[in-house]
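Letters A, B, C and D mark the chains as written, and numbering starts fresh at 1 in each.
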Amino acid sequence: MSTLFEVRNLRKNFGGLAVTNDVSIGLAPGDRVALIGPNGAGKTTFVNLVTGNLKPDSGNVFLGNEDITTLRAAERVRRGLIRSFQVTRLFLDMTPEEHVALAILQREGQAGRVVGHYSGRPALMQEVREILHQFGLLELSNIKAQEIAYGQQRLLEIALALALRPKVLLLDEPAAGVPQSETARIEAALKRLPADLAVLMIDHDMDLVFRFAKRVIVLAAGTVIFDGLPKDVIADARVREAYLGNYADAGSVA
Amino acid sequence: MQTVFSIAVDALAYGMVLFVISIGLSVTMGLMRVVNLAHGAFAMIAGYLASYAARDLGLGYAAGILIAVVGTVIIAIPLERFLYRRLYGATELTQVLMTIGITFCVIGIANFIFGPTLKTIPLPPALQGSVDLGFRSIAAHRVFAIVCGLVVALALWFLIERTAFGIRLRAAVDNAAMAAALGVRTEVVYAVSFAVAIGLAALGGVVGAELLPVEPYYALRYMVTFLVVVSVGGAGSIPGALLACLVLGAIDTTGRYLAPEYGEFFFYLAVIVIVTLFPRGLLGRSKQ
Amino acid sequence: MKKLAMAAFAVAVLSSAAYADTIKVGVIGPFSGPFAVSGKNFKVGIDAWLAVNGNKVGDNEIQIVYRDIPQADPAQSKSLAQELIVREGVQYLAGFYFTPDAMAAAPLLSQGNVPMVVMNAATSAIVTASPYVVRTSFTMWQNTTPIAKVAKDQGVTKVITLVSDYGPGIDAENAFKAAFEKEDGQVVETIRMPLSTNDFAPLMQRVKDSGAEALFAFLPSGPPTLAFVKAYNDNGLKAAGIKFFATGDLTPESDLPALGDAGLGLTTTYHYSVSHDSPENKAFVAAAEKAIGNPVELTFPAVGAYDGMYVISRMIEATGGKKDAKAAVEAVKGLSWTSPRGPVTIDPESRHITQNVYLREVGRDADGKYINKEIQTFEKQGDPGLAFVKK
Amino acid sequence: MTAPVEHSATVSPPVIRRLIDGGLIGALAIAVIGAAGYYLFPNNLALLTRMTAMALLVLSLDLVTGYCGVATLGHAALFGAGAYGAGIAAAHFGISEPLTMTLIGAVAGAVAGLVAGFVILRAHGLAQLVLSIAVIHLFHEAANKASRWTGGSDGLSGIMPNAVFGLFEFDLWGQTAYIYGLALLILVFVALKILVRSPFGMLARGVREDPVRVGAMGVSVHSVLLRVYVISGAVAGIGGALSAISTQVVGLDSLSFTLSAEALVMLVLGGTGSLYGALIGTIVFMFFEDTLSAINPFHWLTIIGALLVMVVLFAPKGLYGSAVALVGRFRRRQA
């Protein structure tokens, strides 16, 4: 399988401390990969480096054949590298319909238009409804985001990302803060993500990770200490060490 | 060389007067998160009280300051209870609207009671006249303002960083809910801080009156200056406000000496540069 | 509904144009805000005139309508002037503290058939804005020119000028320079200070460094003048013998108590001092002090307003209460009378007031009150500034 | 994927709502209120014209403050640029055709918006407020210095606009000026309503709600804000030009901190983030100011101050915002 997205030898120091230490990861179309790691492993920093919100000290990020290391965050998004947020970031004053419509308009390069209303475009409205339907949000399409339940806000968050037609999707704890009763719906939505999409999910809900991911990467102290099949991860000595004791050793092994 | 020294002395004196007048606003804006555009109004009230006590009643300068500070705080207490308390946590724009309304009221009332003319606060003999520095002379009241500024800076720093009250205040500011859960009575802490801020405004209004004379429009005339000083220094930072006053004093004074015609340009360009480079102010508290 | 409104409209138009035995005078001035003391003096001058002369001219009763403009704001001035002419039906516009406000209202005069009596705004060009403008105040040029002579007479040859950086300040600078250089004096440096300047210490250092024997200053009356004079004293310029010349704007009577002893000895030229010794002024001051409540606040705009009311009363007399701006203005061209400030004439050509300008020194009167003591008179001064404008 | 076509009827907004969103109702309301003003206060058209110019400034401010969350106390810079642009064109270059003057005002305002936005958008919150204050003072001082062009503090006079379409003269009664201003206001209002509804308008609202999310959608937040500033500048510039045309004098006050602060007070009074709020705030504030200062020219400021305090106490979302909230609560209780 060809590589769609690749991080090569990525490194970031904060005041002499290597928060991301020589990380290399590759994703192919259709990949379902989970990135896990104990608290403070550097997951958030890694996401920010990939999305372009932080500048790496060294190393490169590739999307397709293009080196996107120096591109700004917005540019990366336009090339198909999309993320969702751990804490919901929505436009509370807007409806789900407006959210998705805006995302589609942006994808099509139409978001700068100063005239017209999206509802006047049948094709766009059709797609909006399809996406909302896919996430079970159609009934809520004209209710302001601040008035819908948190679980549904999380779904909208993913719907929004999907509407941008990502090639690579970074999901940052998609089920965080959602009551147990509603996680099933989120999981179901994740299952229905387009097959050719490469997904990197950052999470520490192990149940979710094992049901979703075909591959697991473990980050500890800024270093990749495991990259393999889910069934092997529990047995891995370094992972056990990282989670259960002595972090420093885990770093030195890499 | 003598000229450079001379400008430096002027800059220091001007900066310290700015500091004394503005520091109260830094407390309200930085620690209580209230954009209090009525800061000047309180300073002005104090000026009128001091003028009335010292000149019309002939009680003297020291008594004037005391009466002004105490009197202004007493006037401010009901305002805090009924108006300002609603502003804690409100949006900046709401705060702007309310405090500008209060300012308009105070201006109107001052104009009605005291009339539109300038009021002065007679200085005691010791503060009149000049002090000889060898290479030049400087007004004695400016020296007094410098001393006041330093004392206020030290006292405030001590209060906020070194006392139990300071710890409570900082806790209440950083996380009101958590502080309340820990038994801090945030309402009381805020009321006391407000009183301190108003007391400082009052002191500044009286001490600075030689430079910024008391008249009804005082409340609006210097509002921009106060705002600029506070945000350049970093709202809530005592050393920051001190540094900002000295830096702005130096820029303003030097600019006015070298090219008075373009003094405004110098000053505001400098403000733009500083604010762009240090968006939280020179020594701002890192938490927004 | 529409018809009714149109009818009301027509009535309003007609009634304002037709003969009325109540004659309304619209006065626009800064009655609140930072210049409230000047606006108050407008009102005091007018009240004093009405108290002395009664509110009737012939059969016509004068009624004053006040409108407030706190700071220079031509758009508001125009809208207020229009409202006064059209809605209130005023036959005369008066007041105007700021030049742009007068300039904005001037184009309305011929259409509205209304004369304007400027009671303060002091830029020479205002009288050229409309043939219906008459001014009873002063211009910067008029009051500044004589002080150059004073400086020369006192043996000063090198002067540094410090003026506020706006229209009147620049007028003052030009006027002083022109007059002083005519006297073979030398202006070694001209400094323009931003209006917002609070701290004058660095400027005093500039004065010292310039090697001038005297300074000429203009600032609009208000808080900065106080700081300016104090800076002059505190920074040792007074002690060093550097002389201080200014127009009376720096020492208005309303600021003198605040200046206190720091002001003693300052010499200024101006068209009016509250302490002017004449029976006309005594009568005026008595009436004005009654009107103002606090005598300390009485200062120069009051006399501009008082004389303005005299001019308006003569206009009403000449037109018999009819609305005829042209006839009204014609009637006062060349009008001479004895004002509280001394003998004055409305110059028929410029419609600006020709008057004495006095050299005054700040001192105390017998009661210990601070006053501007007149020590020299420059008689029948016109406005040299108009020639400068026309150039 | 199956498309739930059966839902479309309930999902797409009804025709009437679209018309309301499209600004037709608003335009109609302005026209009706404007006409009412014309007949009720036929002798006070200059005030009404001033209100119209001010309404344009407040609408323009609403775009950046209400819709994008930019805090500014320097918005008069854009208004003044329009006023001086139109005024200088007329006084120095003899361009006195009112429509051309208005266009020049809009362009001058847009350029000023670009410059001001470039500086002001470099910070947030309090720092942003201070940058805006610095900007307005620099503009003011520049206009004061360039007195050869601007007339400095004496004001720029000698602006003599031609008749509109060669037919309607600007006269003492101010009818032409008022109707011209009202027409401009209606046009701008409709244009802004369209803008606010447009994809770009949604983007701008998105920036106010959550700039990080907008960035994560692949949009450059800064460029959105800068574009809003340019549009806002054009609107304010039209207001400035209207002021120059109707007053025939431009003063430094049109570039002042005071005017900026007044506009902000009017906007917050009416309610931010809604074009109606901006209009209502302007009308209410200026009406009270005019009435109170006519009743008592000496002490009206006190009453205005008390009024503002009252509004914060009893209508914290502004007059329009609080009214909408009240109606909403009432409806919910009914339902």
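Here is the rule we go by: a residue touches a chain if its C-beta (ideal position, glycine included) is under 8 Å from a C-beta of that chain, and two chains touch if they have at least 3 such contacts.
Heads up on the chains, UniProt names are A = Branched-chain amino acid transport system ATP-binding protein; B, D = Branched-chain amino acid transport system permease protein; C = Branched-chain amino acid transport system substrate-binding protein.
On a predicted model such as this, the values are computed, not experimentally measured, just so you know.
Among the remaining chains, those touching chain B as well as chain C are D.
Of all the chains, the one whose CA centre sits at the greatest distance from that of chain A is C. Mean C-alpha positions place chain A and chain C at a centre distance of 72 Å.
If you average the Cα atoms of chain B and of chain D, the two centres end up 33 Å apart.
Chain A and chain D have CA centres that are 41 Å apart.
Averaged C-alpha coordinates put the centre of chain C at 36 Å from the centre of chain D. Shared contact sites, meaning residues of chain C that touch two or more other chains, fall at 32-33, 36, 40, 165, 194. Within chain D, the positions touching two or more other chains are listed as 141, 145, 298-301. Counting only residues that touch two or more partner chains, chain A has none.
Contacting chain pairs in the structure are A-D, B-C, B-D, C-D. Taken in their complex, chain D has these residues touching chain C: 39-47, 49-50, 53, 141, 144-145, 147, 151-155, 157, 171-174, 243, 246-254, 258, 293-294, 297-301.
Against chain C, in their complex, chain B makes its touches with residues 3, 6-7, 10, 13-14, 17, 108, 111, 115-120, 122, 130, 136-139, 142, 210-213, 215-218, 220-222, 225, 252-254, 256-257, 260-261, 263-264. Every residue of chain B that touches chain D in the complex is listed here, in rising order: 29, 35, 83, 86-87, 90, 92-94, 96-98, 100-109, 111-112, 224, 227-228, 230-232, 235, 261, 264-265, 268-269, 271-272, 275-276, 279-281, 288. Contact residues of chain D toward chain B in the complex are 65, 71, 119, 122-127, 129-131, 133-135, 137-138, 141, 145, 257, 261, 264-265, 268-269, 272, 298-309, 311-313, 316. Chain D makes touch with chain A in their complex at residues 1-4, 7-8, 11-13, 18, 21, 194-195, 197-203, 205-206, 209-210, 212-213, 215-220, 227, 231.
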